[in-house]
Each structure stands twice: as C-alpha cells, then as structure tokens.
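Following are the structures in question.
Shared between the two complexes below is chain A, which pairs with chain B and chain C, respectively.
Up next is the complex of A and B:
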C-alpha cells in the first residue's frame, strides 16, 4: 500500500512540475489530439470507402479503435518510466542511483516519469469508443462495464510487459532495440482492428506471443455481442488474465536482468 | 556551391556510420508493412475497389521504404538554439540556410536509401498481392525517380521553414509535432491517399505533403499517366519555389535579429 501511495505522490509532483509551462503543455496536448485524430480519421475514411470489414460494422471498428487507444495511451501516460526512454536511464547512469534507495527498482522507474499530454490521445480514443457504442447499439450492463475495466487494466499490464522486453534488452546492449517496436507499436497498429481479419502468422503473434487478442479483443467482442470464436461467458472474463500473466513473467525477467546490470559509469 | 556540396557529403558519411541501428528499424518497418497489407487485403475481400490491390501494396511498400524522408530529423540545430550554441554557427563563412539545407538533404537521402534498398528487395521477393509490383514502364520509373528527387528538395525547403519558425520560439516540440502529423496524414503514410474520398483527393494531391512520396508513387504505378508527368513536376517546382522564397527570407530576418540564449 505504501508503494501505491508513493507512486501516486510522485505522479502528483511530476504533474505539477509539467504544468509549470502551461503554454507549452497546452500546445503539446493539442498536438496529441490532432495526432490521434489523424489515426481516427484514417479509420473513418476507410469506413467511408469500404463500409464494413467482414462481419464487423463501422461502429464495431470504432469500438476496437477506441479500446486500443485508451489502453495504449493510459499506459504511455502512467507507465512513462518504462514506455519512455528506459535505455537513456541506463546510458546516462541515472539508474545507478535507484540501487541506493530503499525501494524496488521497478517502483522507482515507474515513479520517475509521467506523460500527461497523452490525455489528448485518450480523449480521442474515448470519443471513438462512444461513437462506436452508439452506432453499434451497445447496451451497457454491470458485467460489461466490469469486463471493459478489466480488459483496459490488464491491457495496460500487457503493454507494460511488452515494453519491459525492450528494457531487458537495453540492460544487455545499452542501446534501445528498435526491433521490439514491432510488437509494441506494431501491436497497437495491428490490433486497432479485430484479430480475425489477419492471416495465420499474425494471429499467432498477437493471439499468443503478444496476446492483445485475448486481453482486448475477446472482451470487446463480448461487449459488442459478437463473441470471437464462441468465447463467451466466464472464458471472456478469464482471457484478459493473459495480460497479468505476461506482466508477471516479464517482471521476474526484469528483476533477473537487474542482477546482471553493469553501470555504464557515466 | 562547393562548400554546400562538401557539407552534404560529410553528413552523408556520418549517416552511413549507423548501419547497425538501421537494421532493427528496417525489420520493424517490414512488420508494419505486412500488417498494413494484411488489413487492406481483408478490406478488399469484402468490397473490391477500382484501384487494384497490387497498386495498394506497391504504395504501402514505397511509403515504408522512404519513411525516413518524411520525418524531421535534425535536432542538432534545435539543441543549438536552446543552448545558445547558435552563436558559433553564425560565425561560419557560409550561408546558414544553404548549410542546413545541404545537411538535411544528406540526412534524409542517406537515411532512407540505407533502409529502402533492403526493404524494397524484401518486398519484391514477396508473392504477388503481398509484395511490390514492377513499375508501369521504364519511363514511368525514371519519372518517379525524378519526382522523388524534386519532392525531396521540396521537403528540405519545408523543413527549413519549420526550423526558421522554431528559432523564434525556443520550445518547438508542440509545433513540430503538429507539422509531423500533417505530414504523416497527408503524405499518405497512415492511409494511402489513393483511398481517400475522390473529392478530397483532388485537393490533397495538390498539397505540399503529397509531393514527396504520393506524387512519385502515382507515377511509378502508372496512375498518373506519363503525359501528365509534366504537370506533376510543375506543381512540385511551384511548391519548391514558394518554400525556398519563404525560407530564405525567414532565415535572413532571423539571422539579422537573433537573441542568443546564454549557456
């Protein structure tokens, strides 16, 4: 509990320091809105030309887009310590100081950065989600709300876990590994659309290795009343747990990597 | 002229140093290309369009291959503006505008060639319907290359304007992000411009962002017939002229009245 309090306190302090430059903050937030708005416009333009994608209507596609961008950018906002430039922490030697303090490394890494500008992207995602719900006629019930919250929360853990892969590589190579972007940012781009439109290899990649499909798509399809491959009921509530599992595994890998950590000495 | 050429070559050599770093980026870009094509294939399956699928694939691969040309990349000058190092730059016996123009040109050209060659090789090995198609004809290929060259000149001039404006504001990130966004949307990187609604296309095609990659790709796939290549080049030249005029004027004004940050 103490750790959570510490995390929240750091977030508050970091937010305060970012708001010291309100003008720059506003401009950057607007830039984020426009950026994510551009992505949403692409989805709308695709709908304008193609109307539907297999069994998915326009509203469904907006829903998928919304849940993905809310999850992804919430992670980027609150997990900035990991999703940002972890390699820079190692290169600059700043990570050394974390070893001296009586707190876990992961806690400190998470506590040292926040990216409140992402609120712009999250807002766009929420708008897409609302629009999607209206067009697809989603009727929200208590279990559905619970399922949605669960999906977003475990989705955040999954994305954090994926970014941890990059962090672990960075411990060994000092430089950040662009290759991992294929599953992090690539996963975001690909899984803005339902998994079943993709050919086999991509389904395997995003269904098991980087299980976006289990964590986000299974709940989303249940909320839309079009369960994916008959995964309904209790299974739908279990599937997002894959995100938690992924994070726990990566957490231990990360802890192990920290044992090998050699300071760059600068 | 010689000093700008040697600036260009220096920067060119520097970019070659980062071959290793480029490799990870290339593989990543390939995965992105495959994901996009898988999406368009699924979309085409439901409702086939007038524009053949192979053209869309070609469009996606060429966009991915030359992606580096789109991004604004020269953060050196920005750092110098913030730290006050710009004072040293002003001492150089060169025209600052020309100096940075040559630098950016080399960065964009080398950076993207390093990535484009392996990517296009990979894309040409993929089966039809996934990979890149051959150009419409040899003259079409030559015209596309010419268009790409002109587009690159245009983009460098546009970037110099961005920097010129940044010089006045110190914190440039918000502004730069906005411009980058216009770039990725209206250059056809997020969604091929050929899939925009027809009425939009007529306007979007004329915008400067379409000149870098969209115009040459249309020449390559033969969507712009060779007879119309002249008007494509003309549009590019007009934008180039406008951007050069604005940029040079802006930089001249900036250098005459510059506030150097102490550092």
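Up next is the complex of A and C:
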C-alpha cells in the first residue's frame, strides 16, 4: 500500500514538473496526437482500399489498432521509468541514487518518470476503438468488459517486461536498443493488425516470445465475436496471463541484473 | 564495538580495453580499487578521507553506503552489513555527492522534500520539525518554493544537504561537498557540518580534495592511495612528517652578499625579492636569520609556513602515488 502511495505521490510531483513548461507540454502533446493520428489514417486508408483483411472487417481492424494503442501508450505514460532510456539512468548515476534509498529499485525506477504527453496517443487509440466497436457492432457485456480490462492490464505488463530486456542489457553495458526496439516498438507496429495476416515466423515471434497475440489478439477476437480457431471462448480469459508471466520472469532477471550491477561497479 | 567496522575490504574492477588491432577481442585489465582496507570509526567522529584521484575513495564510500558489493571482506555499519541489508542500512545514512544532484530538478525543493519524507517514511510531525530546523540552519527558508534549477550552486548544495538529513541519519557521507563553492558558501557549509556533528552526534565521513575543509573540520584523517590505507590519525601529525621546510622572503636595500649561506638551502630571485627555502633541521631558524642579516641591510622580511596543498602533494609524491 505504501508503495502505491509513493508511486502516486511521485506521479503528482512529476506531472507538476512537466507542467513547469506548459507550452512545451502542449506542443509535444499535439505532436503526439498528429503522429498517432497518422498511424490511424493508415488503417483507414487500407480500409478504403480493401473491404476486409482475411476474416477481419474494417471495424475489426480499428478495434485491433485501438486496443494496441491504448495498451502501449498507457504503458509509456505510467511506466516511462522503465520504457524510457535505462542506459541514461546508469550513465547519469541516477541508478546509484536509487540504491541509497530504502525502497525497492524497481519501485524507484517506476517512480522516477511519467510521460503524460502520451494522453494524446491514448485519446487517438480510444477514438479508434470506439469507431471500431460501432462499425463492427460490438455489444459490450460484463465478461467482455472484464476481458478487455484484463487484456489491457496484462498487455501493459508484457510491454514493461519487454522494455526490461533493454534495461538488463544496459546493466551489462551492451547496447541493445535497436534489437529490443524490434520487439517493443516493432511489436506495437506489427500487432496493431491481427496476427493472422502475417507469415509464420512473425506469428511465432508474437505468439510465444513476445506474446502480444495471446495477450491482446485472443481477447480482441472474442470481444469481436469471431471464431477462435475452434477453441472455446473461455480460454481467452487465460491467455492474457502470458503477459503477467512474462513480466514476472523479467522482474527476476532484472533483480539478478541489479545484483550484477552492484558487484561490478559503475 | 565501534559504530563502523571495516575489515579486509577488497574490490577490483575488470576493465576491457580495445586492442589496437582487431575489433572483437578486447584485453582485460584488472584494477584493484581497494586492497585489504580495514578501519573503524566511532559514533560522532568527523573523519576526513583523502587521497589522489583514483585512490579508491569513492569505491569505499559506495561500498559503505550499499551501492556496491565488495569482492571480499566485511563491514558493519551501525549493526548492518551495507550490501546485504541495503534497505535497513540506508534508512540510517545520508549521502551527498558534490557533483551529482539527488533532488528533483524542476520542482520547488519543498516538493522534493515531501517526496523524500514518503520514501523514508518519516512521520509527518517529526518531518515538519526537522525541516524547519534544517531550513533555518542552512538558510533555505526563503527558498523552499524555488525549483532547484533556478538556484545557484551554493544554494543547491545546501538544498541537497538538507534533503540528505531530513530523515535524521546517524551517518553522513559527503563526497566533495564544497566543490565549486565560493568562500562564503564554503565557510557556512563547514560551520553547519560542525554544528550537526556536535549537536546531533552525526558521524560524518568527508571525502574531499580541499585540504582546508579537512583542516577546519576533521579531527582525524585517513589517507588512501592505490587502494590501500596509508595513514590513519591526526592531521597535524601527518603534516608534521612532511612539513620539514620553511620559506623566507627578504628584500634588501642594496645587492646582498649570500656567500655565507650554506649549500643545503635554496635561493631564488623574484624581482627585488629573494626567496630562501631551508630545512630547520639542518640550519636552525635563529642561525638562518643571523646569516641573512649579515648579507646586507634588510628592508623587509616575511616568513611563511608551507601551504597545506604543497605538503599533501609532497606526501603523495613520497608515497609514490
């Protein structure tokens, strides 16, 4: 409970410090809306040209885009401490400072940054989602709302876990940003479309190693009332757990990396 | 039982260097940052920790504050082993780095302090009381609503110090706290540290290159070089070992005749001034003065003791650092 309180207090303070530069804040938020709006336009243009992609209608595609944007940018907004530049945290010596305080390192990493400008991207995602729901005629029921929330939440954990890979590499002074970006930002770009439009290797990548398909696509399919490759819809409630598992594994790898950091020096 | 007990601490780093040829293979060099360092410090002591750059001072501070884990050896700080019981240990220490700010840059320092209160779980009333006391002593009361980025270096340093003492630590590590400060700020800071040490009984370990800080504050110094502890004791005693020379500045009415001066002293001419350096051990000062008076009719004379920085430089040189 105390950790949550600390996180909220940190958020409040970080927001205050971002708002020290109101103009910069506004302009950057607008820039983000334009950027993410552009991505959404791309989906709309595809829809204009093709009526459907495999079994997916235009509304479905917007839904996929929306759930991915919301998940990804909520993570970047609230988990900026992890999704930001971890290598810089080491170089600047700020990581050392975290060791000097009586709180967990992961807690402090999470508490040290937020990116409220992402609110623009989240809004675009929400708009796409609403539009998609209308087009596809999604009828929201309590289990569907629960499934959606679950997918977004565990999706956030998955994304945090993926960014932790970069942090772990950074501790071992390996530059990995391009490699890890392939599954983080690359994953976002690829998985804003349903996974079955991609060839085998990519399906394997996003189905197992970076399981966006399990965490986001399976629930999305069920919410859109589409067949789940012959499987029972109830399984959709289990699949997002993959995100939780991924995060837990990366959490322990991260703790191990912190031990390594303390024994090798800086 | 001492407050801080350090025994046989060892720490080495492996540095990978690129070879001149080849891109993948790298040469490994092992740097022994600390070699068999042992010492103990009692509660309420104010100890200076000196040594040239790269001597291992920062490494020891990092180990004692819980940032690094040593290769071998043991340490007990107020009942905790820093690297094994980090969270409990850091609850009772404060650390200030002169070259690195720990407060948040863009918000008023009061906000930073309130967050620190939550981080250290300081009780609200105790926090208010402590903050008032510290702000008063460090002259920060009027600055509490100013963001750190708008402060001068001296103000920032005081703000940092205040932040590191809010949870009333028993032990304070200071790593070059006066670096870059003007004379007034320096003196104020020293005065504050002295008071904090005396009144609160806070144990302070001060790392610095500023020998005046050490001379003004510390009853005890430890010298570290090449990762080894070379001296541990009182500063005056240490200086006395190297303070073997005296310098006299003299000016004469006419050209003096120095032929009577012994070879063991050195003579330099700087304009009208003559600078004579001698060792009182070989020629007693009284004898030296008599010789100088014989050399001509003296206009002016000043005697200087050696600058503390020179002494330390000589010490480092003799210790082969």
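Please note the rule applied: the second predicted complex is superposed on the first by the 254 of 266 C-alpha atoms of A that agree within 3 Å, B and C clash if a C-alpha of one lies under 4 Å from a C-alpha of the other, contacts with A are read in each partner's own complex, and residues count from 1 in each chain.
Criterion: a residue touches a chain if its C-beta (ideal position, glycine included) is under 8 Å from a C-beta of that chain, and two chains touch if they have at least 3 such contacts.
The shown structure was predicted, so the numbers you read here are calculated from the model rather than taken from an experiment.
**Q** Have a look at where A:100 lands relative to chain B and chain C in the superposition and call it first, second, both or neither.
**A** Only chain C is touched by A:100; chain B is not.
**Q** Of the two partner chains, chain B (first) and chain C (second), which one does A:141 touch, if any: first, second, both, or neither?
**A** neither
**Q** Does the superposition put A:27 against chain B (first), chain C (second), both, or neither?
**A** The answer is first: A:27 touches chain B but not chain C.
**Q** Between chain B and chain C, which one contacts more residues of chain A in the superposed model?
**A** The larger set of chain A residues in touch belongs to B.
**Q** Just to be sure I read the superposition right, which of the two partners does A:46 touch: chain B = first, chain C = second, or both, or neither?
**A** In the superposition, A:46 contacts chain B only.
**Q** With both complexes overlaid on chain A, does A:3 touch chain B (first), chain C (second), both or neither?
**A** In the superposition, A:3 touches no partner, neither chain B nor chain C.
**Q** After superposition on the shared chain, which partner residues are touched by A:264: those of chain B (first), chain C (second), both, or neither?
**A** The second partner, chain C, only.
**Q** Looking at the overlay, what does A:178 touch: chain B (first), chain C (second), both, or neither?
**A** first
**Q** What is the shared patch of chain A, the residues that chain B and chain C both contact?
**A** 21
**Q** Can you list the chain A residues touching chain C in their complex?
**A** 2, 5-6, 9-10, 13, 16-18, 20-21, 93, 96-97, 99-104, 259, 262-266
**Q** Chain B touches which residues of chain A in the complex?
**A** Going through chain A, the ones touching chain B are 21, 24, 27-28, 30-32, 34-35, 38-39, 41-42, 45-46, 48-54, 175, 177-179, 181-182, 186, 189-190, 193, 197-199, 202.
**Q** Once bound in the complex, which stretches of chain C touch chain A?
**A** 11, 13-14, 33, 59, 62, 65-69, 83, 86-88, 90-91, 93, 95, 97, 100, 102, 104-107, 111-112, 114-115, 118-121, 147
**Q** So in the complex, the part of chain B that touches chain A is made up of which residues?
**A** Residues of chain B touching chain A: 21, 24-25, 27-28, 31-32, 34-36, 38-39, 42-43, 45-47, 49, 171, 173-175, 177-178, 181, 184-185, 190-191, 195-197.
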